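One structure coming up, written as structure tokens, with questions to follow.
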């Protein structure tokens, strides 16, 4: 169980998060939704240690993560796939994956094969430069690179950004499968509320850094007020 | 065949390569730091010079050449780590001018301290390689045992560095930390440690270079022995592209050869002028270096 | 009120000084100088006049400084005059470097060499035109400096900081060989002598006490020349800093993307900064040739370039007071270091004593850039601002 407790973050005078509290259970997808500037990315960056909160704490299974460096937090099993995917274009597909496997002590070979089995297209292109991959393939590579370290928690920042609707649907489907089969805790930040709500168990809605809703996904999807004012979903 | 090997152009190429590998090593040392920290280490030559004094004069003055060389390289690595932890750490995130100024100041401190401790007079190092050219059919080949030793050592160092970067986990981490520091941290790479290791490798390469330069029978070791070499090494690195280790090596060797032809066919005094001219022209044509791919400037 | 006080004070000082020096001709000159100073001071102390006449304010400041130092130079020893001349030449060089860095964010590790360009240009000119006035030799140096600055500044159109710094470093290291490549002009390793030494004009010799040697009179005269040249340079630079060019260059330094959007031609602004800066360095170098009556290539090595950089950073980057502080430090660096050497009981010919200069400047440079990147001038401004704030609070 990963959770945040009255988390407040500020960049100088700008308050990005105000007393955000929620928990994300294992084997479930928790979607974090909201408009541009609602604080979604800041939330993930604070959980993974890139941003220090002004107040509040992040905890994972009773342990406090706040105050630790990102490179330590990832070793505790929290994998963050950043916005824009963070694939290193100058590296080959395999080098990207090897980098992700670095924090595991066992040999990288079987770990790589496991990911190639999961994402066959990556196996076909393992020697290619990551820069040659399509947007969807890059997202797969970024996820595989995070999963190869066998995390307990997966933080996904806007995975659907720039993807075609078909590709997005496939991607959401595989996130669903992964989460269920590995008892993974997934925190999914999305601007595309519609496709996120389709696979999420719970939805947390942020507005100007505050939690305005924290409810089962179907409820949020049905709530006309939330849909209109906070999620910008006009037609259904 | 012998006549060809001892002909004037071939002699120039051989001498040029001998000088060029030294420029290439300096360039490599600069690139190792530039790639990871976006910092041009103006004190590179002075740090390497100090390492050589430490090895050959302070710690192991009567030891075997190779022992003293190993001591120098270890001292160089240590100086690199201390510089990064003690001085450079304070300069990350500052305007890009500040590190330039600080490293120039550090250069002045190192050269003055070296001269204060060990004086400005030149010292010969006990290299056992003869500086006298081999003879081929009664004519000199422009290659001496010492020159061959320089070239071989440079190749070994380059191969060693390339091996680390290409084939080891450490190399993968080093490259990742340089290319994408934040993503690397999210994947568990200790980026700060990588920066220190980058400085250690760079200073180690620098120390080998300074030992080679100071082992030259005709120049020896002085506090300012690396100034000229550093200038040529920088020119090579800037022409080749400070982001590209391969480019730095290629342009170092090329620069050595071109300048040797200038020195032989034009005038030895004009060498640095030609080098400066080449630098200006190449920077005008390709500001990011001849061997780097074009990258959009980030706004 | 303050204005009247200033005028009255200056006149009183003038009368006392005049009374002390019983010689009539001296008295007349002094009274003229003091009256000029007092008149300018009277204008300068009025805030409304300063607000209405920014150029006039800068002119008044410059003339007052030159006037005061010029009068003072006649009353101090030859060695103090020597320090004054060295400091004034260095101030001009620092103004140039400070302009480059302060207004366009570029840096030069080759200003010692630019100084050398001016020093040699002036000497070469004087050797080929023995009877041309001093001003022409100085102008020749400025033109030479600007030309070399243009050549080296060209890449500045496309390059940023560290690359450019490296290129100027290469120039500084290469400068000795460059001089050697033109040894028929530059005299190679031995450098050049000026054909005739500058000597004081008749009227100045008459003004000075008869006991003064011709050499002392010449030193005073050189101080006067240096001060006037520096005054012109200072006045031009203070206007440049305040002008549209200066403002646009500060824009280039702080946000080069914004500057481009605002319509400043980036490449041109950078090259212009480089040319002006090199010309100033050359002028400073030419002046020091005039003072020393000779020029030697060894003076203009890489070490000088680093010293210049250190003086600028310690004095304060991008400010006129910073350049003056740097000049003052330079003027007294040699004597301070021999004082330290004596105090520490070091052998003046020893290794440590001869390297003390480099060690101290190097440590100060590193320390300043890490701890106080705005230098003495910046620190002074901060103290002044804090004092003024406290003053205001009490007044309220």
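First chain written, first letter: the chains are A, B and C, and each begins at residue 1.
What we mean here is this: a residue touches a chain if its C-beta (ideal position, glycine included) is under 8 Å from a C-beta of that chain, and two chains touch if they have at least 3 such contacts.
Small disclaimer: the values here were computed from a predicted structure and weren't measured.
Novice: Moving only to chains each one touches, count the minimum steps from chain A until you reach chain C.
Specialist: 2
Novice: Using only Cα atoms to place each chain's centre, name the chain farthest from chain C.
Specialist: So the chain farthest away from chain C turns out to be A.
Novice: Measuring from CA centroids, which chain ends up nearest the centre of the complete protein set?
Specialist: B
Novice: If you average the CA atoms of chain A and of chain C, how far apart do the two points sit, in angstrom?
Specialist: Inter-chain centre distance comes to 60 Å.
Novice: What whole-Å value do you get for the distance between chain B and chain C if each is reduced to the mean of its CA atoms?
Specialist: 37
Novice: Chain A to chain B: how many Å between their CA centres?
Specialist: Centres of chain A and chain B (C-alpha means) sit 44 Å apart.
Novice: For the complex, which residues does chain C have touching chain B?
Specialist: 101, 105, 107, 109, 151-152, 154-155, 157-163, 165-167, 169-171, 173-174, 177-178, 180-181, 257, 302-303, 306, 309-310, 313, 351-352, 354-359, 361-366, 369-370, 373
Novice: Any idea which chain B residues touch chain C in the complex?
Specialist: These residues of chain B touch chain C: 39-40, 42, 87, 90-91, 94-98, 100-102, 104-113, 115-120, 227-228, 230-231, 234-235, 238, 242, 267, 269-273, 275-276, 279-280, 283-284, 287, 299.
Novice: Under the definition above, what is the set of chain A residues touching chain B in their complex?
Specialist: Those residues of chain A that touch chain B are 48, 50, 69-71, 74-75, 79-80, 82, 86, 88, 90-91, 95, 98-100, 102-103, 145, 149.
Novice: Quick one: in the complex, what on chain B touches chain A?
Specialist: Against chain A, chain B makes touches at 169, 172-173, 175-176, 179-180, 182-191.
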